[in-house]
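The chains carry the letters A, B, C and D, assigned in the order they are written, with residues numbered from 1 in each.
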Amino acid sequence: MKRDNSENKSLKELYRQLIIHHAKNPLNFGKLSNNPIRAEGINPLCGDKIRIYLNINEADTIEGLTFEGTGCAISIASASLMTTTLRNMKKYQANQYALNLISNLNEPKSQEAGQLMMDSQEINALEGVKDFPSRIKCATLSWQTFISALNNKKITTTEK
Amino acid sequence: MNPSFSEKNETADIGEFGLLRKDFPTINQEINEHPLVYLDSAASSQMPQQVIDEISRYQSQDHSNVHRGIHTLSHRATEVYETSRQNICEFINAKNTNEIIFTSGTTDSINLVAHSYCKPKLDPSKKILISHLEHHSNIVPWQLICEQTGASLIVAPIDNNGQIITEQLIGMIDSNVVLVAISHISNALGSVTSLNKIIDAAHQHEVPVLVDGAQAVSHMKIDIQALNADFYAFSGHKMLGPTGIGILYGKEHLLEDMPPYQGGGDMILEVKFTGTVYNDLPYKFEAGTPNISGAAGLGAAIDYLNQAGMHNIEVHENILLNKMITDLQTIDGVELIGRAENQVAVQSFTIKDIHSHDIGTILDHQGIAIRTGHHCAMPVMEFFGLPGTARASLSIYNNEEDVDRFIKGLDKVIEIFA
Amino acid sequence: MNPSFSEKNETADIGEFGLLRKDFPTINQEINEHPLVYLDSAASSQMPQQVIDEISRYQSQDHSNVHRGIHTLSHRATEVYETSRQNICEFINAKNTNEIIFTSGTTDSINLVAHSYCKPKLDPSKKILISHLEHHSNIVPWQLICEQTGASLIVAPIDNNGQIITEQLIGMIDSNVVLVAISHISNALGSVTSLNKIIDAAHQHEVPVLVDGAQAVSHMKIDIQALNADFYAFSGHKMLGPTGIGILYGKEHLLEDMPPYQGGGDMILEVKFTGTVYNDLPYKFEAGTPNISGAAGLGAAIDYLNQAGMHNIEVHENILLNKMITDLQTIDGVELIGRAENQVAVQSFTIKDIHSHDIGTILDHQGIAIRTGHHCAMPVMEFFGLPGTARASLSIYNNEEDVDRFIKGLDKVIEIFA
Amino acid sequence: MKRDNSENKSLKELYRQLIIHHAKNPLNFGKLSNNPIRAEGINPLCGDKIRIYLNINEADTIEGLTFEGTGCAISIASASLMTTTLRNMKKYQANQYALNLISNLNEPKSQEAGQLMMDSQEINALEGVKDFPSRIKCATLSWQTFISALNNKKITTTEK
């Protein structure tokens, strides 16, 4: 019982209200028309499967970005956040952003209080996975799938 | 080599059985600052100290290569290895040790039968019959050889309780079926297959039956002669033994007629470039240096199971499973997946609107280990229209408190997602 | 995890190296009332306490199934398993861990390449090239697939010193050769193969080379990129690690293109009855629950070898081998079998009119373990017209006293048969 | 050094003069003419190989019995002793004798001093293998091969 506090703390970090909210009400969930680029991401650990639909316009801007699939709260919330974050970015920017996020999530938690992982408050809600090594792949699945889509790779797996 | 409870008792006594628990060092630790509740034995069971010690003992006193040496250590290592084979032979009541092939696990055992027994018999007119309930290890090897030969893989259906529909399976058997390959107990749902009926029916068509016993051997007494299965595959690490070792039981006359699977040392009598003479059973199928320490550990695991008594284990686990099922049904939003009439040591379930992965994480945070996802049985998940389930599975070392902690842990899951 | 000598030293110091010996519990025992002299490491090496302890530690603290679970133990087990892979990758200087496949041993590794890489490419016009020096594990798998496909197994000759005649082997390579499969070091004779020349020549014909490295990895530094072998196979139990675990190194682009070998869990991404999607490297080739404790032990063995320093080991063993050869030559009636220019850790021999088996028994009686017989290399024995040889082989834990005791033991052999 | 006595004792039991003598000068070594029954015995442990040639006359008596092959002192001496012992026995007698010997060699040493394993002094010279479990197969190889020959089995192995 004495442990309940610290335990609740990191669980609450993982399942922040924002995450639960996005998991229950994901944004940009569904297909895109106009023959979009597609890619599928699989996390064989838990059977999570995400499909990404992507349209890039002539100015190399991410014009459309949606997803479908099944997954845990973390992977669905992360995908939802990904679509809102990367839309309207330039292709190279979005690619860089996704790479940064993946590498940041794989780094240990910053010791300095108040230091932000990324510049977006919303995206930083994902940081709670750092206390849950086996869940990092859930948070990165959609971002990795996004990078695969940019590189025309059809199936990605987090199993490494 | 004695489990830490007083003596073999014919009726299980949960109280006394509880004493076994202290033999398992992995179980007696804190995980995330809570005493561990391990409900993932269907994926891999834990080893009693007796098994761990026997492996160390073998490695520090008796190790050398087997069969090929005349010095003392080689002789001792061979003794350890062959005594384990004898032990396994008696444990499942096989006729003799020629029927006991050491492999690296259930998957390896099934692949051996696929390549050595089945593949030479396959052509596009032939079929292999499995069920919709199988673990990937009892699906993919058959897919691979069917692809290579043009034979068909046919799949017997299951019902909404997660049981093979025995009559339909039997109806699919004809003389073009080269092998029926089915699990004894489903790892995803715990359903027990009606093997007697199926094996009888198959034998009436002279079709042999391979049983994937990975989930059965540590939960019930196997009498392979009474069962009359033609092949029976299982893994050490699911029966209190180590990883990297498993068994293929095969009827001697079938094994006799099969060509070798892998080539290498030990499986030959004589090697010449003009031709090679294969060794007798069981060595014909054991190419290369075997997993001797694994065999030592498996032998010790069987000693342990024998001491505890398979009947006692069955009763003990059944009481716990019933309690778990009853308690799970009291929780709002929990749906049990798999409600077979005859179910052993495993219960799968979902919670409304909560992904199994999240259930797993929140339980783990409380020191409770369950498995989540597809359990290497994607067709079962597909049948139920689910991406995965949460699965709690039991073994000899679990107790009522484990079930209580597990149920309380689920309350917290629901609280977080409320 | 530190060997018991003070620190990594660049030049071998036998005195200091001697301290290592106390890390090996099997070595430090009496056999037939004499302190053991273990000269059978080519069959299977002994494990330092560090390896035995790491296996126990894993089994009592971290065990669970890998890759498939999200709970803490499953995560820890996966860490142990993948850290070992990383360790092996660095040890042989592979490009990345996709090139490191866990198998159950050298034999399994070679069979994997035979079935997955070679067999689909074989027809009666094709050839596989081996040498007369090979261990049965590098002969029989090729015989089996050649029989099945009508391809030919061709065999490069050896000379009277027991060395592959490199030029002749190279002359046998043409574009119909699908694979050259040769040992790095002969287990029967200790001869080191001229791999650089052979691999270069094979690559000029675009023929890949599989190296059976079972006898090499614990005796010399392997830099797989410098060696440029396409496949490299070895076993844990010949490099201070446990039985039941081995490695297949393969160049990534070759492994990428190969179909899976065994089917089962872990080697798939998705299983449907309409078709199955295989997993990425290295998992595509690792069907079923792997030997996790074996991987843990192998990782610890590599730590140990690294601490001792491969260069030091080479120097140490070379000094002992030279002493052994010199001393053997002083004994009347002893004939050395295998006198390669470049020879490592192994010496075969005969004594006039005394069968090797009798030599083995009389030495064993004095606590001295050597191997006798054909050493799973019958073609080598046939070449020398011998039913078998006596073979003494060395490892990191041997010392000068071992060699002295061995030589004195042979005196007694000769005395009994006088 | 203190151990030298006991050690020499059991070694000397194994390599009795009679055994060494038979090993160096085996009796009935060679082929038989007259289209004999043949069988081959292999001890894969050490590569020992024994071929048995056997003639049985119309009265079911072992008329001719020779052997060829390579092997250790124990297996050669044992084969030599076998040929002299079983020749002129009735087929069923010889079979029974061989079975008895094999089973006796596989039993622990008799505790009672002076008790004989078999009724032949010469054959009892083989008893020394009982202190050397890994050598029992050497002593039984030719006898097992003899039984195989009687049963028309062509290849026998001691590897069990």
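As a convention for this text, a contact is a pair of C-beta atoms (placed from the backbone, for glycine too) under 8 Å apart; a residue touches a chain by one contact, two chains touch by 3 or more.
Note that this is a predicted model, so its numbers are computed, not measured.
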item	value
Between A-B and B-D, the pair joined by more C-beta contacts	A-B
Centroid spacing, where centroids are CA-atom means, of chain A and chain C in whole angstrom	45
Centre-to-centre distance between chain D and chain A (centres being mean Cα positions), rounded to whole Å	76
Whole-Å gap between the CA centroids of chain A and chain B	37
Per-residue overlap in chain B, given as positions that touch at least 2 other chains	32, 68-71, 74, 268, 270, 357, 360-361, 372-373, 378
Sequence positions of chain A contacting 2 or more other chains	45-46, 134-135
Chain contact graph, described as a line, ring, star, complete graph or other shape	other
Touch list for chain D against partner chain B, complex	42, 44-46, 133-135, 155, 157, 159-160
Residue ranges of chain B in contact with chain C within the complex	25-26, 29, 31-32, 36, 38, 40, 43-44, 46-47, 49, 51-52, 55-56, 59-65, 68-74, 104-108, 110-111, 114, 135-137, 139-144, 153, 155, 235, 237, 242-245, 260, 262-268, 270-273, 276, 287-294, 357, 360-361, 363-364, 368-373, 375-376, 378-379, 382
Touching residues on chain C, where the partner in the complex is chain A	67-71, 74-75, 268-270, 277, 279-280, 283
Touching residues (chain side chain C, partner chain D) in the complex	32-34, 353-358, 360-362, 365-366, 372-374, 378, 381, 387-388, 416-417
Touching residues (chain side chain D, partner chain C) in the complex	3, 6-7, 10-11, 14-15, 20, 24, 45-49, 70-76, 132, 134-135, 138
